[in-house]
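Take a look at the structures below.
Same chain, two partners: chain A is paired with chain B first, then with chain C.
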Partner chain A sequence: MSNSDATLANDKVSGADETGGDRRLWWRPPPTVRTPGSHHPLSWSKLPTLVRRLIVFAVLVAFWQMYMSVKHPNPLLFSGPAAAATAFVDGWRNGQIASATATTLEVLLIGMAIGLALGLVFTILATVSTVGKDFVMLMTAMLNPLPSIAILPLAIIWFGLNNNAMIFVIANAVAWPMAINMSTGFTTVNPTLLMAARNLGLRRWRMIKDVLLPAGLPFIMSGVKVSWAFGWRTVIAAELIFGTAGGSGGLGYYINTSQYFLKVPDVFAGLITIAIIGIAVEMLLNLFERRTVVRWGMQRA
Partner chain B sequence: MSLSLIAAACGSSSAAPSSAKSTTSGLHGSLVIATQPDLGYSALNIIDQEGWLTKAMPGVKVTWDTVNSGSTVETGMISGNIDVGAGGVAPFLLGSAKGVGWKLFSSLGDENLELVVKPQITSFKSITSSDRIAVVAPTSIQAIIMKKAAQKYLSNPNALDANLTILSHPVAYQAFKSGTIQGALDAPPFQQEEVAAGGHVLVDSYSLFGPSTFNAAWVMPSYYNSHTQIMKVLFAQIQRAMALLNDHPDQAASIISAYNQGSLSVSAATAAITSSTVRWTVTPQGYLVYGSFMKSIGLISTSPTSVRQIELPTLYGTNGN
Partner chain C sequence: MASRVARIKKGGAPVGDTTGADAPGDPSIEGTGPDLLLSANGPQPQRDLPARAASNSLPDSDSTLLSLEHVRISYRLRRSVVEAVGDATFQMDRHERLMLIGPSGCGKSTLLKAVAGFIEPEGGTIRFDGRSDLTPGPDRAVVFQEFDQLFPWRTVIENVAYPLRVTGHERAEARQRAEFFLEMTGLAAAADRHPHELSGGMKQRVAIARALALEPAMLLMDEPFGSLDAITRVRLQGELKRIADRTRVAIFFVTHSILEALTLGDRIVVLGSPPSHVRTVVDVRELGGPTDPRYIEVQQHLHEQLGATDKDLSGVEL
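Right after this comes the complex of A and B.
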């Protein structure tokens, strides 16, 4: 694209020279400079974010309903929006989804907090010492590609059949992508900034706290987002592998049990719950980004 | 899909009557059979390992799928991706009550399932709230057996629900051996291994429900009716495998061991095949008693009142219950 543009510009310049030297041509700005979406009074991007997202959501639900109406899938395999919404409301009303959500979130948040803290510690270790760097590089290369759920049987032997085993696999799922993103953030900090900080006499801890962490925040935020997704997948998968039948199981267990009992609308109700929590967390993280990296001019809104 | 159906229908009309050993070369179409990694599927595994179906019906494309979860078999059958599925009594009854419509094609054998517990548990009353007992799925026959035992010994079918933990058989065995769970109700050979690891049998399924099928093969009537010749050949091969399991367990064991690619020794397979807890038969058993119990505790809304309601013509006259 940029190559062809350059060629085009060159052609014009040489053409202009040949036809009598209209030398303004090469610097004249292109006549159609528009900011995206400004060319129409009722444009999509001018709508408030909430309205835009609601419209997208409504279209998705419409497609879902259309699929139901056109294909008539077997109700033992697939559920429509209306049945799913009813199951969702019923499940929240009788407390089943609420308690399952609470169980899952508790395990997930503890596991993520430990994993994020470990990711931070590993990155700092890698920044301040070469041995630490070798250790973290090796561990990340070995463990990051491994689906954390694969070590659940090991965790069960170490910790027993309890939440600690799940917290362990979630922390493992979260720590490595976090460490990778954070160290990318640290290593891509503008060298001028680092030199300036060194000239000011900043060393190790103050360098990390006052320069590297804020400067690497966009990467750290994307690390948190990736970790959040990894954490969710891991907790749901772990709950599919073992759950307590006594009503204290989490969302994954709720979904799995509903599937075993062929209660398809309940399966969808569980999935919708996960989706809503995902949206809520995304909004929270965006808010944090607006207050930090966007305000500091490091990232576009 | 519809093309293969038509092809199969044409093939079956011109096919010669089949017997266990005759080659029904006129048959065409496709057949997808799903099993799970478990000795309870031995009859099907022998047919697969020895290639009997392909020899009997060279024109039929036979696909064997090994899946890891009963619910995958169910979903596959409902969606039409699996023609012959197999599984336990309880998931079958649950699906029937939900209107799935599948029917019993052949039992794959009876099995007495044992609840093996650690020595400190001497009776149902001595099970404490911190004791964990593994079953394979919330809708498995093992979970139903636990409910029946809880009803019989603790007067409440749900009394042990909070103790149940959902684990696959191999994981349950490991967890039992390492002491993270205190009881397991799974299947052979794991129940025997758990006894060998210091556990003892607290209750068995025959004492609660009488003899019952462990796994059975299921088929949708729509597939059965449009593929009667293929179904006849398959049933004959299952009977042939049953005869081998009953009359020549050594031979059957070496086939099963080969099927498991050495992860199960011939002697271990022989021990499991000839165990006193197992009986190799095509006759379905226990569906009516399990069904009425599941209905009585509200797990299902309807249960079969006669075995004829849930079986395919292959089983007419086998006196199932």
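Right after this comes the complex of A and C.
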């Protein structure tokens, strides 16, 4: 308690003009007040993000191990963190997981690139013409709620049992949420900013490229995040369903065959790989946001 | 860009020609722009203005820059029609500073947007530089009332330089010119910041620098200092006055403050309540300072004109 009192007194000297400043200090003292001598309790939110996340991760693994040690589940059905980690390391060492991951990511990235491009084209169509808008509205209303995996049977008929069928399905999963978010981004641009841009003589392509796209970036980024999640789910589900395509199987196929041969630790290794890629992509997107929309004051961190 | 070229071809005194020494179309103007622009007293930026700075000017042959004749503007809502401007008729000369004043809601912003080309009048004609088919363009650079008219993703200097790139300037020249106008508006130190890192007054100054850098024939300003604190407002008014004295850019200035109109204007156009028409036009060029008895008389007159049009005098500062 004496700690807080000291903080309060200190603030009275430095910034008493700030209304409500006193109360603010009870929960977040400004850095100037924190002298080296003062012993604040080590608070969770002050730790670096990475450390916080690692601690959470360690706790989760500990619970997992605890379950293993207490319940002793059948090793044919469930594996512990140690076995999963071993399978993970072995899988990466012998190149099986690496090649499965490469296959999956290749299909996913091509599908997403096509889907993002389509989303952008649809949004621009909807922006520049009323017919385009009607078309895009109708298509998104029909196709966005449809689980993309549901069109896999059709895609297999059209493209055959190969990567193209999966790319088609992924592009479909990505294009519609992208179009929806991007249109929202375009239509919510501040009207004053738009008038300023028109006053400078910006038209059509320049208006889209230099005003609408950056101004809509916060929405575009949430579109990319949703699209990533949709695309990732879709590709794994598709691989689980039809296994190998074009000779080399992806992560979904790896999980499926491991299960078939009762190699449960390998199943876990596959799932861990998926989780790690998910975390990595999330971090990458957040980094991009920090460098752009957050830095520009268009979105809070 | 085509119109820009066309006007340059006509040739003419630069906007910044305060001396009148150079004949219109005199090729020697090329490169002497900066000196002309800075010929008035006051703090002078060190850097020279790029050569093209003075080129976006108008011929002096016809003294009328802008004329509105029986302009009528209404907004169509779903069920009703809002008649904002009933009948606006007035002219504006080149290099003139015209202040448009009136109670809030009387259609000042509407008129400004019509002159800028964002709104097409329902009736009457607006002529600018001989043209009556007005679309938005950098020859009538607008400074809006709102702070969020800057591109948040561009730094201060990019906000000023980018429009210059759009209007066809080379990269290096655009940057040089942006630096010049940032210095003029006292923003050189903030050049590499993003708009969200600036105060409201600084943002408005960036918007003014951006508009000035385009060397427009006319600057349209919609209560640009309306949402600033009193001290910042007075300082920016002084700065604008100095810059306008130097560049002689024509200013179409919307305000609801009599004091601001008297401080900055050559003439003051008073609008009545909507559907508004011009109640009176006051020439304040001949007036002395606030101690001049006529100044007080004019102030009183304006006050009456505004007071008679709107009971709500509380919105009008004296």
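Quick note on the criterion: the second predicted complex is superposed on the first by the 257 of 301 C-alpha atoms of A that agree within 3 Å, B and C clash if a C-alpha of one lies under 4 Å from a C-alpha of the other, contacts with A are read in each partner's own complex, and residues count from 1 in each chain.
In this text, contacts are C-beta pairs under 8 Å (C-beta built on N, C-alpha and C of every residue); 3 or more make two chains touch, one makes a residue touch a chain.
Keep in mind the model is a prediction, meaning the values are calculated, not measured.
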Tell me the contact category for A:161 with respect to chain B and chain C: first, second, both or neither. first
Go through the superposed model and pick first if A:242 touches only chain B, second if only chain C, both, or neither. first
Pick one for A:260: touches chain B only (first), chain C only (second), both, or neither. first
Touching partner for A:280 - first (chain B), second (chain C), both, neither: neither
Could you tell me if A:55 is touching chain B, chain C, both of them or neither one (first, second, both, neither)? neither
As the complex stands, chain C meets chain A at residues 1, 113, 116, 118, 136-138, 140-142, 144, 146, 148-153, 162-163, 166-167, 194-197, 207, 214
In the complex, the residues of chain B that touch chain A are 70-71, 74-75, 78-79, 91, 94-95, 98-100, 132, 135, 137-139, 143, 161-168, 171, 174-175, 178, 180-181
Note which residues of chain A are touching chain B in the complex, please. 74, 76-77, 153, 156-157, 160-161, 241-248, 253, 256-257, 259-262
Help me check something: in the complex, which residues belonging to chain A touch chain C? 190, 192-193, 195-196, 198-202, 206, 210-211, 214-215, 217, 292, 295-298
